[in-house]
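Below: a set of structures, written as structure tokens.
Look at the two complexes coming up: subunit A is in both, with subunit B in one and subunit C in the other.
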Partner chain A sequence: MEAFFRHLYETTGYNFSIFYDRRDELNFVHGLGVSLELMAISLVGSLAIGIIGAWLGGMSSQLVRGSVRVYVQALRNTPPLIQLYFFFFALGSVLSVIGPNGRPMPLLSNFTWACIGLSAVAGAFNIEIFRAGIESVPRNIRDAATALGLGRTKAFFLVILPLAFRLCLPALNNNLVNLLKSTTMAYAIGVPEVLYVSAQIWSDEFNATEMMLVVLVVYAGITTALIGVMQYVERRLKVPGYGA
Partner chain B sequence: MQAPLARSLALAALACAAIVAARPVLADDLADIKKKGEIAIGVKAEYKPFGFRDASGQLMGFEIDIANGIAKALGVKAKFEPVQDATRLPYITQGRVDLVIATMNTTPERERTVGMIQPFYYASGASVVAPKSAHLKTWEDLRGKKVCATQGANWNKPIEEKFDPTIVAFRGMAEAQTALQNGECIAFLYGNTSIAGMLSDPTHWADYEAPLPTLNEGPWAMAVKLEEKDRPLGKAITALIAGWHKDGWFLELEKKWHLPASPWLAAEHEKFKNK
Partner chain C sequence: MKLPAVLQVDRAVGLGSLAGLFVRPSSRSLLCMGLLCSVLLAGAATAQTNAAKAPSVLATLIKWTPLMAEGFALNLMISFSAMLLGTVSGIGLGLATISLRRPVRRISWITTQFFRNSPWLALLFFCVYALPHQATLFGASFIIPDWTKAVLGLALPIMANVAEIVRGTVQAVPTIQWQSATALGFSRWLTLRLVILPQCIKPAIPPWMNWYAILTMATPLASIVGVAEALQVTTEALVSEARFELLIPMYLYLLTWFFIYCYPIALLTERLERKFGVIT
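Right after this comes the complex of A and B.
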């Protein structure tokens, strides 16, 4: 493989350096690892925010419901790249302590801020998606849960959410695929993910076209895998006669 | 089942091949530029004092002056395209600009990709700016430490290989500076001339210094498309640069923009003066 890509470069000029240059390969593999980590953490984070937000959004307290609305609107109505900049450069400079040499020491790394930023915005969308799912659960099922003696919380997590989850899976798939793709934004705050390492590689090797192709194929592969998993989940969770 | 899969695979392969094959075609030479009455020049827009925007958003700086000088000498208007370290070479190879004057060092790889105009017009190398409290003495002090940088800068890789710092590269200089001031990293790896420009501004950088010797020093070149280097456009710019070394205009610009006196620029002036 190494010999093939070196030969390709020498004969055609198509420089896929990551397949024969050891240093580029290590950097790229490391970037891929960071991307996958970022995706996994923000996926779980956004789902947690979505579920908890949807639950809080259904509480009777006006204050709690209002806070959830404000959160959703604030995150959904501002550009994610600007949010990321705001988190890292503005909040990051406030959230720091003074180190031993009198210099500020940030409490959170750029990777952590990227996880927070990506989870927060995808979470806001997830809240809306789950809310739509929850509102589609028929009233009589809630009444049945109450009649069985389940409290508000138990009814939510044991009866309503499992049904709502099935109903909102297609919309959820969309949002999660979007989340995976938007992890490339972490590039802006210096997180060494796939796009970041690729940009450094094409600056050194002048193979922007080839690296772009590699990046596209990598993302297509990852999102296809996620879609496959989600479709499997959709099939497995299907309740005959319920939902579409 | 087999046939559609094979067909879509073939289609995908074709699409990929098409993308790779879509290499830029030959573009404007000097005659075309004169006919259009306009030369597209890629410049920095956030690199004080070489190319930056003033309060009204107008581009200005050492390189902007040179770019305007070239356009004026060619009798055309200068149309500026802001570029960054990572985009300036693709802009040239894709024909989006005719000329790049964007604080670019020469490297053998770059010389194979674009037409680097000689003589060069300036020279710089890699340096770091760090808080005085970090007490940096040698480049070795950076080993294992976080160092801010800009994405695509050509010294990132050699410095990383030699001294093994953890490079955290940002899109532009402003982001890297903010990260340095926020304590995200121990130092900011950048060009010595630009760092000198930063340190000349005491309101923000009083507690900072450039304690390490300049490394990887190299001349700055303007770039045109590879094939344009030996055509009228390349030749015209070559003649202009040589003339400005001779009459000392680069030295005047250096003073105008309060750059630290460059021994390299003075030497070039001496060299061309007697030609």
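Right after this comes the complex of A and C.
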């Protein structure tokens, strides 16, 4: 394969340097690893925020419900990139400790902030999705859970959430794909993910078009894989009597 | 080896600004990032000494408002142009996905899926790099401004999503309407134009507006490829002010601008959705 891509470059000028240059390859694989890690962490983080937010959103306290609503609307209606800048530059600068050499040092790395930022936005969307799912769970199922002596928390996690989760899978699927795509934004705060290392490679090799193609194909592959997994989950968890 | 704190941060972002120097489009944004990082660290040390004589935070925000407004106007302009371009091409692409010709249907389906599932930032980069830096028209050569390329880059995902809306809404019209139109002697094109499409407009409006809001919130991405829109202006303002305590208020201020613009759109979308009774 190495020989093939070297030959391709020499004969046609299409320079896929990551397939024959050892240094570029290592750099790219590392970037891919960072991307996958970022995706995995923010996926889990956003789901956790979504579930907890939906649970808090159903509390009887006005204050808690109000704050969840404010959180959701604030994050859904502002640009994610500016949120990321806000997190990393503004909050990151406040959250700093005095380093061993007496100078301030950021407490959280840009990778951590990227995880927080991405989970926070996708989480806000997930809260809305779960809320819609919970609302579509029939009233009498709740009553049945209460009749069986389950408390609010138990009824939520044991009865309502498992049903709501199935009902909102299509919307959730969409949002998670969006999350995967938005991990490229971490580029803006210098996280060495796929797009970032590709930019490094193409500034060395002047092969921007080829590298962009690789990036697009990589993302197409990852999103297709996620869609496949989600469709499998959807089939496995299908509730009889719902949907087509 | 343990690096000093300043270098540790600068290594991450500084690499970006170095790389930025060698790439073709404006390296300003990445350079700014590196500078901003230095501001963060240097500013923390000098913040106390400056605070006494520097104007208040509010006064500084007001001072930068006109420039930020100019940047925000560019954001809006990019969003309008990309939406227009994306909608027109998206309707075309959407109609192609319901074509009776199999190859047309296949190709347009692949195009739609490709642009729907690619990251916006990657598409934006692609347009900025793939398009020529300057063009020659009637013998006169002129430089293509970066923001027009950003418009194209943002219009591509919009096109694919509008195509999906068109396909979805057309398929939601009951088949019997096609059959009755055929019985009345309408051609396929006439049926589409006079019977089917007019019914698709109403249910298509809420998701279309939703995509407009998403697009508007994606326009700050253009700052990464060097367009002087609101986020870029704000970052440059922060660099030139070099004041640590401005970071939070300045970015919050900018976030508020977008919120004030996008929230009413979201509310209206929700209301229309309920009114038209569409689930999207």
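FYI, the second predicted complex is superposed on the first by the 241 of 244 C-alpha atoms of A that agree within 3 Å, B and C clash if a C-alpha of one lies under 4 Å from a C-alpha of the other, contacts with A are read in each partner's own complex, and residues count from 1 in each chain.
The rule we apply is simple: a residue touches a chain if its C-beta (ideal position, glycine included) is under 8 Å from a C-beta of that chain, and two chains touch if they have at least 3 such contacts.
Every value quoted in this text rests on a predicted model; they were computed, and no experiment measured them.
Upon superposition of the two complexes on subunit A, a steric clash is found between subunit B and subunit C.
Judged by the touch definition given at the top, the superposed model places A:215 against subunit C, while subunit B stays out of reach. When both complexes are overlaid on chain A, the residue A:223 reaches subunit C alone and has no touch with subunit B.
After overlaying the two complexes on the shared chain, residue contacts for A:185 are found with subunit C alone; subunit B is out of touch.
Looking at the shared chain after the overlay, A:110 reaches both subunit B and subunit C.
When the two structures are aligned on the shared chain, A:143 is found in touch with neither subunit B nor subunit C.
Judged by the touch definition given at the top, the superposed model places A:83 against subunit C, while subunit B stays out of reach. Within the superposed three-chain model, A:2 lies out of touch with both subunit B and subunit C [touch as defined at top]. One of subunit B and subunit C touches more residues of subunit A, and that partner is C. In the superposition on chain A, A:200 makes contact with both subunit B and subunit C. In the overlay built on the shared chain, the residue A:73 is in contact with subunit C alone; subunit B does not reach it. Under the contact criterion defined above, the residues of subunit A that touch both subunit B in one complex and subunit C in the other are 89, 92-93, 96, 99, 101, 103-106, 110, 187-190, 192, 196, 199-200, 202-204, 208-209, 212.
Subunit A meets subunit C in the complex at residues 73-74, 76-83, 85-86, 89-94, 96, 99, 101, 103-106, 109-110, 177, 181-185, 187-192, 195-196, 199-200, 202-204, 208-209, 212, 215-216, 219-220, 223-224. Listing the residues of subunit B that touch subunit A in their complex gives 16, 19-20, 23, 85-86, 89-90, 109-110, 112-113, 131, 133-134, 148, 151-154, 156-157, 161, 168-171, 175, 178-179, 181-184. Of all the residues in subunit C, the ones that touch subunit A in their complex are 4-6, 8-9, 12-13, 15-16, 19, 22-24, 33, 36, 40-41, 43-45, 114, 117-123, 125-126, 129-130, 213, 216-221, 223-224, 231, 235, 238, 244, 247-248, 250-252, 254-255, 258-259, 262-263, 266. The part of subunit A that touches subunit B in the complex is made up of residues 14, 23, 89, 92-93, 96, 99, 101-106, 110, 187-190, 192, 196, 199-200, 202-206, 208-210, 212-213.
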